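Quick one: the structure is below, questions incoming.
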Amino acid sequence: MKAYDTFIFNLSSKGRIGYNFDHETLDEVEIPSHLKRSSIANLPEASELDVVRHYTNVSQKNFGLENGFYPLGSCTMKYNPKINDELANLSGFTQTHPLQPSSTTQGLLRIYDELQNMLAEITGMHAYSLNPFAGAHGELTGLMIIKAYHQKRKDNKRHIIIIPDSAHGTNPASASVCGFDVVEIKSNNDGTVNLDALKEVLNDEIAGLMLTNPNTAGVFEKDILTISKLVHAAGGLLYYDGANLNALLGQVKPGDMGFDITHLNLHKTFSTPHGGGGPGSGPVGVCKSLIEFLPTPFVKKENNIYVWVKPKDTIGSIGSFYGNTLVYLRAYVYILSLGKENLNDVGAFSVLNANYIQTSLKDVFELPIDQFAMHEFVFDGLKDQSTGVKTLDIAKRLLDYGYHAPTIYFPLIFHQSMMIEPTESESKETLDSFIDIMRKVAKESIDSPELVKTAPHHTVVRRLDEVKAVRHPILKFSDIK
Amino acid sequence: MHKYLPHTKENIEAMLKVIGAASMDELFSQIPQSLKLSKPYQIPSQMSDYVLTKHMQSLANLNQQFIVFRGAGSYDHYMPSAINSITSREEFLTSYTPYQPEVSQGTLHYIFEYQSMICELTGMDVSNASMYDGATATAEAMFMAYAQTKKNKILVSSTLNPHVIEVVLTYAKYRNIEVILVPSKHGVTDKDFINTHILDTMGLIVSTPNYYGIIEDYDGISNIVHQNQGLFIVNQEGQSLALFKNAKDYDADIACGELQSLGIPMSFGGPYLGYLATKSEYVRKMPGRICGMTTDVDGKQAFVLTLQAREQHIRRAKANSNICSNQSLLALSVTIYLSLLGKQGFVNIAKDQLNKAHYLYNKLLQTKLFEEAFNQMFFNEFVLKPKFDTNHLESFLVKNNILGPLTIKDNLLLFAVTEKRSIAEINQLVEMVVAYHESL
Amino acid sequence: MIKKGLLYSETHEWVKHDGDISFIGISDYAQDTLGAVVFVDLPNVGATFKKDDIFGAVESVKAASDLYAPVSFKILEVNEALVDTPELLNTNPYDNWILKVTLLNDKELENLLTDDAYEACCK
């Protein structure tokens, strides 16, 4: 990584352009003065080389999946296959208008239909909508479906969603945005649902329970069938947050566990690139009785052609068109590339990798849940805390060795959380190197703690002043004095 | 073995030995036997790269690519090659959200530049790092107004793109917000209705250009909204920001809209991106990620995600919004596009569209087959009233490889013209319409 | 550090009752847990809040904490200094009050914790 501080605005020179225009002449249309922009937008003026060089240099300040290992728990940073990108970019996909007559987009509609069927098969649901743009968006959509379901039954007392306190922040936020009240129940020490706590809050005001399985600490909810029975008996629906689905590929289907609604994160489980923060894709799957509530529009195969339909009791539109098409095209390619022969192995290899790291390092890192892990696990800081080195310091020191840090300070149930998820993409050699470095950093934490506490040392910037960023916000170029 | 799954038999044995498990199955022993899958997924067999490529190419070929004269929320613009070239750099494409800023200065740097450009275009004080699309950005703007005023009624102009209205209605319904649609008069928002219905609302959402392509005049509207302690929200599509009055010019509080037209292919509807920008005083009500500049421990300039205490991972149930992802890579595309076009180029390309759209408009009127629907100023989209039966116009044009106008309510035809349309193509469209009429 | 002579709530707010006027702030434990305070979301002068209502929030970089009314009150003044210098709550959370109020129901003071009781609860 290389330092680079220039702004594109500083590369401006009046009159320069980076775009070749046509020179067809037409009559100039006058814009009435009361509608005209008051002043021209101050955009840069640069040659194409300036722009390309600038952003190339900017890219050198980033650490991507191809630079090294990204053991971010809960993010499933598996390899993003290049063929996915190449095929998603075919002009027959990118150059299509969403409002073309469906007879001229049968290829795309067929992919939509086949993908939603494959996702349904993989997760034991009946149908999927590919429309939600991201995981959180999928959650919101799923919660709207829950609300619509109860409203249709004229059961208007159900205003509460139960969420374990180990859940990801989007769960309670989505519930609030959907107009629900949230009841958080305390988890067991391993993050699993405490059945007594759950029984205490179940009543006829519960609309549903949101769960992820394995949970955010990487532990399988072994009481899931009991939980499912309890929630359904109370009249609620069971929602599956698919963030941790990777562990279950080839092992268990959420539908078989009793979940009525799921959302998936294609940018996690199904290899689509993270893009530095997006675009993602969060398809929502439902059981048979909820199909009519899916967002509109939805693809169906009728008489051998693919058509758009509006589900009978649809919750409505959740986006202008059909979701992040080019993203779910990549997921489609990924599933076909693995096929039924190999998709089954993904869960097993991801779990093997996680356990290998866990066992290899539990003598130097504190392992709060000492059992076989799923696809990810949590360390609660160093075993030896005598020098005061915290998880944050370890994370920063790893950056010096060319690794992206694991997820830190999540889940909230452990104070020095370090969540590690290697994914099935990584070879034993990569894991061995990572284990070596982790041991090295653990040793440094005892022998030369200041080195770790002041890390990183080799990145382009180090230990940012986040307090200053909030107290004196500089949020655009013209704010800089 | 598969190219994405590197474990050899030897690897597996060695690793199981370290773990102390007899088999991989043993690692899943907490899973009740009754749940474990007994057979493989009923999905297709794996395809080799070459077979997969042929498969996708044949599916791609089933989708027709047109000479496009249709807009309505998705526009056919030329994508400069540099955009794809830069956005496919792995450092940008596969990197994660910049929560570890020391190794994500690249992402944060372009997000900062993106935010800066959005503020330049809209005149607002602060922009976030992007939203899923223009429609959800508009719904989130409504939530901002709700958080600020605590009133649960809002006025929304019926001249907004119907897809945007539908999304706003869906979001409002589940949060128990009442949406009152402001009717239109002569193709524009009925201002009298605003006056008589603004009381006790959280504010007003309007759009310019509106669904008919008309540039609406919102002078004086902000006063009415502000006198009522509401927020004034202007939804404005990307390309139009080059030439026409923006949110700041109308003294609006929030600017939002769709940016697909600024460097993103039509892609059958996604991924796109929405922008959301506002005045400083509302920054804490604004959802989404925000990048700020600060210094590091050595005093060097650095970027970091800031004001995170607003976001879902901290506020949880009390967050104003549940949004987690932004459309980062698309924000990069927009930033590159605007950098390549530049200050004057952005104006020139908009003028080109303005001129071409009016050229088509006049040529169509000259055929005497159309009547004006509204006598209003438009940008690169407009509506006309056909004086003939248009039931088979679309399929006729499709056969000639043209994606013609969209038929909208009251049988109006909505045409869009971007800089990609040459004069020859525009003339051809007119000829085809005349030919269709003659065939009736 | 617990300041003597104040009454405390379980949610770490303190009340100083002085005849007709009372002051409300957050405890040292609260500011220490939060870390560097970067923003205080203050309510409006003249507003009234019932006991246990949320009347504002205190933000640090990594956390946001709601402020709960320990008793029912009407606001006479807010501490404007906290707008530009929110870190005053870290420097001295007892001298830098957040609200100056009149109580709406003095009896509610009986439900608050004494300094000793609060100290015990913080352990």
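Order as written gives the chain letters A, B and C; numbering starts at 1 within each chain.
In this section, a contact is a pair of C-beta atoms (placed from the backbone, for glycine too) under 8 Å apart; a residue touches a chain by one contact, two chains touch by 3 or more.
These numbers come from a predicted model, not from an experiment.
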**Message:** What pair of chains is linked by the largest number of C-beta pairs in contact?
**Reply:** A-B
**Message:** Quick check for the class: compute each chain's Cα centroid; which one is farthest from the centroid of chain B?
**Reply:** C
**Fill in**
Closest to the centroid of all CA atoms, by its own CA mean, is chain A
**Chain centre separation (chain A, chain B; CA means) in Å** = 20
**Item:** Inter-centroid spacing, chain C versus chain B (mean Cα positions, whole Å)
**Value:** 43
**Asked** If you average the Cα atoms of chain A and of chain C to get two centres, how far apart are those centres in Å?
**Response** 38
**Prompt:** Where does chain B touch two or more other chains at once, residue-wise?
**Reply:** 309, 314-315, 318
**Request:** Could you tell me which residues belong to chain A and also touch two or more other chains?
**Result:** 466, 469-470
**Message:** If I count partner chains per residue in chain C, which residues reach a count of at least 2?
**Reply:** 38-39, 59, 61-62
**Request:** Going by the contact rule at the top, pick out the chain C residues touching chain B in the complex.
**Result:** 38-39, 41, 59-64, 66
**Item:** chain C-facing residues of chain B, complex
**Value:** 284, 308-310, 314-315, 318
**Asked** If you look only at chain C, which of its residues touch chain A in the complex?
**Response** 36, 38-39, 59, 61-62, 86-87
**Message:** Help me check something: in the complex, which residues belonging to chain A touch chain C?
**Reply:** 409, 466-467, 469-471
